[in-house]
Amino acid sequence: MAEKTIAVLTSGGDAPGMNAAIRAVVRTGIVKGFRVLGFMRGYNGLINGDYMEMNLRSVSDIIHRGGTMLYTARSPEFKTEEGIQKAIETCKENNIQGVVVVGGDGSFRGARDLSQRGINCIGIPGTIDNDIACSEYTIGFDTAVNTCMQAVDRIRDTAQSHDRCSVVEVMGNNTGHLALHSGIGCGATCILVPEVPYDLKKDVVGRILSYQGTGKKHFIIVVAEGTCNTNALAIQIQALTNIETRETVLGYIQRGGSPNAKDRVVASQMGFRAVELLAQNIGNRVIAMKDGKILDYDITEALGMQKPFEMDLYNMAHDISI
Amino acid sequence: MAEKTIAVLTSGGDAPGMNAAIRAVVRTGIVKGFRVLGFMRGYNGLINGDYMEMNLRSVSDIIHRGGTMLYTARSPEFKTEEGIQKAIETCKENNIQGVVVVGGDGSFRGARDLSQRGINCIGIPGTIDNDIACSEYTIGFDTAVNTCMQAVDRIRDTAQSHDRCSVVEVMGNNTGHLALHSGIGCGATCILVPEVPYDLKKDVVGRILSYQGTGKKHFIIVVAEGTCNTNALAIQIQALTNIETRETVLGYIQRGGSPNAKDRVVASQMGFRAVELLAQNIGNRVIAMKDGKILDYDITEALGMQKPFEMDLYNMAHDISI
Amino acid sequence: MAEKTIAVLTSGGDAPGMNAAIRAVVRTGIVKGFRVLGFMRGYNGLINGDYMEMNLRSVSDIIHRGGTMLYTARSPEFKTEEGIQKAIETCKENNIQGVVVVGGDGSFRGARDLSQRGINCIGIPGTIDNDIACSEYTIGFDTAVNTCMQAVDRIRDTAQSHDRCSVVEVMGNNTGHLALHSGIGCGATCILVPEVPYDLKKDVVGRILSYQGTGKKHFIIVVAEGTCNTNALAIQIQALTNIETRETVLGYIQRGGSPNAKDRVVASQMGFRAVELLAQNIGNRVIAMKDGKILDYDITEALGMQKPFEMDLYNMAHDISI
Amino acid sequence: MAEKTIAVLTSGGDAPGMNAAIRAVVRTGIVKGFRVLGFMRGYNGLINGDYMEMNLRSVSDIIHRGGTMLYTARSPEFKTEEGIQKAIETCKENNIQGVVVVGGDGSFRGARDLSQRGINCIGIPGTIDNDIACSEYTIGFDTAVNTCMQAVDRIRDTAQSHDRCSVVEVMGNNTGHLALHSGIGCGATCILVPEVPYDLKKDVVGRILSYQGTGKKHFIIVVAEGTCNTNALAIQIQALTNIETRETVLGYIQRGGSPNAKDRVVASQMGFRAVELLAQNIGNRVIAMKDGKILDYDITEALGMQKPFEMDLYNMAHDISI
């Protein structure tokens, strides 16, 4: 009789800590008696049967690496019934009873579709944007927050030396979580996010001019992508305050780098939990963090949740950045 | 009539993020209409009337600095009634109605003593050891965990190149929280902490030899200070495994460095909350984190709490480090 | 009789290590018996008499800080005879016999103009671009090279996870020194600089496709600003190779950050040497590095030099990035 | 006829940048038409025929990794004629005409012995200690200097917060190069090295007390290993100055970490040069840096050279650390 087998793959945008999740899935799986296969480039690997057999040493020395050793991709083909059927075929051929998918909402929809067709799937939230509704934390967020913050720490040096205003655009996939936490961390004068409307003259220019009156000479404005045109914003601020203003779009540096401790620890916990569920023959669940603890939800239920924006934290941030 | 005044000081061992807490206290205090004084070198500053008057700009460009701009010290004099009376004298002279103390348990006992004599005091937990019972998080912990982990990431390079075993001692003030989180983060083969008894032959040597059988050639053992003599441990491991074993005591690098985002954010939240309490004329409280949220406890109650060790996390760590 | 006095200022764009140079000038000056004044915001400070009196402790704990504690600016007024005369007036009022100017070519022209009017000036090359002809090294270059390289190390993680091509634009003030060294450091497939013409199809697309044939799936292209439109380049590469291509402009993060050891050491050496010259009543010189050693040149002579581009290194870089 | 083949190995203590050297040797070798073999664990691999065949992709994504992908070891067996003969046997069997050895003086003696027996060997200086006489620079030095310096930057935070003196021991293999450069970089009050005798009372305690008189309250003493007992030194300093003094031995963190740009660039240059020599059928040479340029020496001649200590830099360091 064929050996009981589980699969692991990473899907969607990469995030620091995905390797730690893969490592936990592989090791926990092997300890629990599973054969473990790592599928390459997300659902594409499942469709094409592109995998590597994993042993304990396959995941040695990866916990501290950014990116994902299994590569990642978005898979349009998997959104078709034909693609899903190919994936199921691959699972049957390899006697795969369960699949762990590390990714975002799109990846979870795929995991739900597979689960509904009889392959137990467990989703693990992995994205730097922390924009998955069911979980207060997603793997990669802490590393990205610190990457953004340290980048702004550098920009601050030159803004300060030149008495300038710096407008810094960070990622977030049209949410403000990354901007909020990195903005507090770098002591930004203003944090602009899609969730909170703002008035340029009052909330940005007014703040700058008012703090200038207290002796402040350099200013940091952190903007979440999708909030506004940051280049236009920088030009407006300079025009309205007469303070030299420069814009930086942080770009892809935010997605890479060795994961911070939190991402390594949480990814380990979530990977471990995912295999525990599969070992109990449970599927169609997504692992999440709530009140700092690891738990799991039905995928459909999870996909229907709404993520609140931390308004108290947002208000506090502006109360002390003066 | 004299202006309403609050004081802030840092006490005990320094921790990254203390400056962010000071900044939040000063700015929130000023916004709420207080005059704010920063006392130097812990309770010694209160005893000797050694302070600086703080304005909005006094705390500019400190959120990203390690250490504490107000310096810190342990104050044996403050443990005497005479010392406390001098401190009360200073408070009265300067019309101080409230004091925010950032530090550990020893500092909170001082805050309780002052509160009992009529000066409202609020404690904020600041220590890299995360060893304060009432709060699941203390300012400085995340930075220290990452510092330890990144140091071990470096040690790993050389351990791996030489097929060695590395024994790394981290701080923790006789608790294993720092060792546990940094040990998981660096994928340590064993994590040894004061809270969990271990058998050298079975739990350390046995594990090493067993994983050696799977092809693993270098090993990391993370040890919390106060668990055992790490030098002797390294010698024993080498004798019993025949693997070249080297010891590193990380030392004071763990206490410094620019604070990570979490420490800056949590310190800001706690400093803000502390002043909110003082503004409501509330004292004898310590700010804490529970289930990821900021709240506060009576100091005496807080000092009587017991901190559980995260045994589930400890067991998971060893299940996947194979 | 008034005390013998020297001044120090930073001018033009800021660079990591400027603080180390200021520190060396102040301390060496004081040890040699000078009173030392730090002028704010470049030549503007000299024009407006805006300075701070420096003592040994004024420059404590700045050697590791990015930016410049004396702030910096470009000074259009100093390019007028009236501006220069105001600066000379300030020098006379304060009995200033010598001025140390840390900056780039524009700053050295100012130093020459002042020297010609009887104020001994010494220039120290400080710019991240390493584009000062007389010196093989300028303060800030090593830090900026490493900042760029580490940023690309992060971008590499995500490029690799997604099998992408990344086009990264770095600074350089229309020279390729920063791109060359950071490009070698990150193992870039191509390094594009203003000094070396290239053919898009042969030198970029051809290389990518050829290495793709050896199994390479992700590519890094480092481009010096002023070489081409990097956004258009990225679009062309994607069109011609069919490899998903993303662009990042590193921006102002390259100018800040704690200086690396080399910048701290060289800045210390150059600051020390500058004051040695002033103490011998020598002016109109610029400090430089040649063959790894510190020496000095006549400013006019230095401004007339041509900086060669390291073509051997450029060719070697492409020989091994395959 | 068998293909022309060259070998590469790393020997002795590991150093950041060794991977960049391996990468340059492999790629340059392949481009020049050689088959390239990577031998494992230094000369032991040569003795035991333990190698991996290298292709262009074998060295992808290693330029930024610390340690050495070929592992390293000291080989007592290679110091015997029998060991050397086994190595020669391996070379003959694999048609190896040339060997590139990255390591220190001990490794070069092995390379000389092999060269004298007809196998062209080229040495590349790789050690964090910069203690190889023929070359002003060794691969790994810049990374180690910065690692030490950044560690002291962290220690400084806590020394400053507590008004303490910190004694920090760095590596150096009984030379002071690493201590000198990292000590200047961190602004150490004293730098103690084996090359320069010192008087505790005058040169250490006297300096501390004298600067204390100018308002300085925290002190950093950087000590090269092999200079004195640092623990005893810390105790003496505290006894004689009455300033709380703490000791940290940096240990193995100094040997690891992602290499800095300089180490990646210089390693690339040296690896490239080494293969150029082998391609011209030249052996028994060691690559070196002189006046910032890459050249090569006869190994015997190189082993007989004396390395001067940079006394001017040492004196300058103490002149400005006041």
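Just so it is clear, A, B, C and D label the chains in written order, and each chain counts residues from 1 on its own.
We take it that a residue touches a chain if its C-beta (ideal position, glycine included) is under 8 Å from a C-beta of that chain, and two chains touch if they have at least 3 such contacts.
If you're wondering where the values come from, they're calculated on a predicted model, not measured in any experiment.
Each chain gets one centre point, the mean of its Cα atoms, and the points for chain A and chain D are 39 Å apart. Here the CA centre of chain C is 28 Å from the CA centre of chain D. We define each chain's centre as the mean of its Cα atoms; on that basis chain B and chain D are separated by 36 Å. Along chain D, residues 153, 156, 160 each make contact with two or more other chains.
Viewed as a contact network, the protein chains form a single closed ring in which every chain touches exactly two others. The set of touching chain pairs reads A-B, A-C, B-D, C-D, using the touch definition from the header. The touching residues of chain B, counted against chain D in their complex, run 10, 13-14, 16, 41, 65-68, 71-73, 147, 151, 153-163, 166, 246-253, 255-257.
Interface of chain C with chain D (complex): residues 23-24, 27-28, 31, 55-57, 60-61, 63-64, 136, 142, 145-146, 149-150, 153, 156, 160, 181-182, 184-187, 211, 214-216, 258, 260-262, 264-265, 268-269, 271-272, 291-293, 313, 316-317, 319-322.
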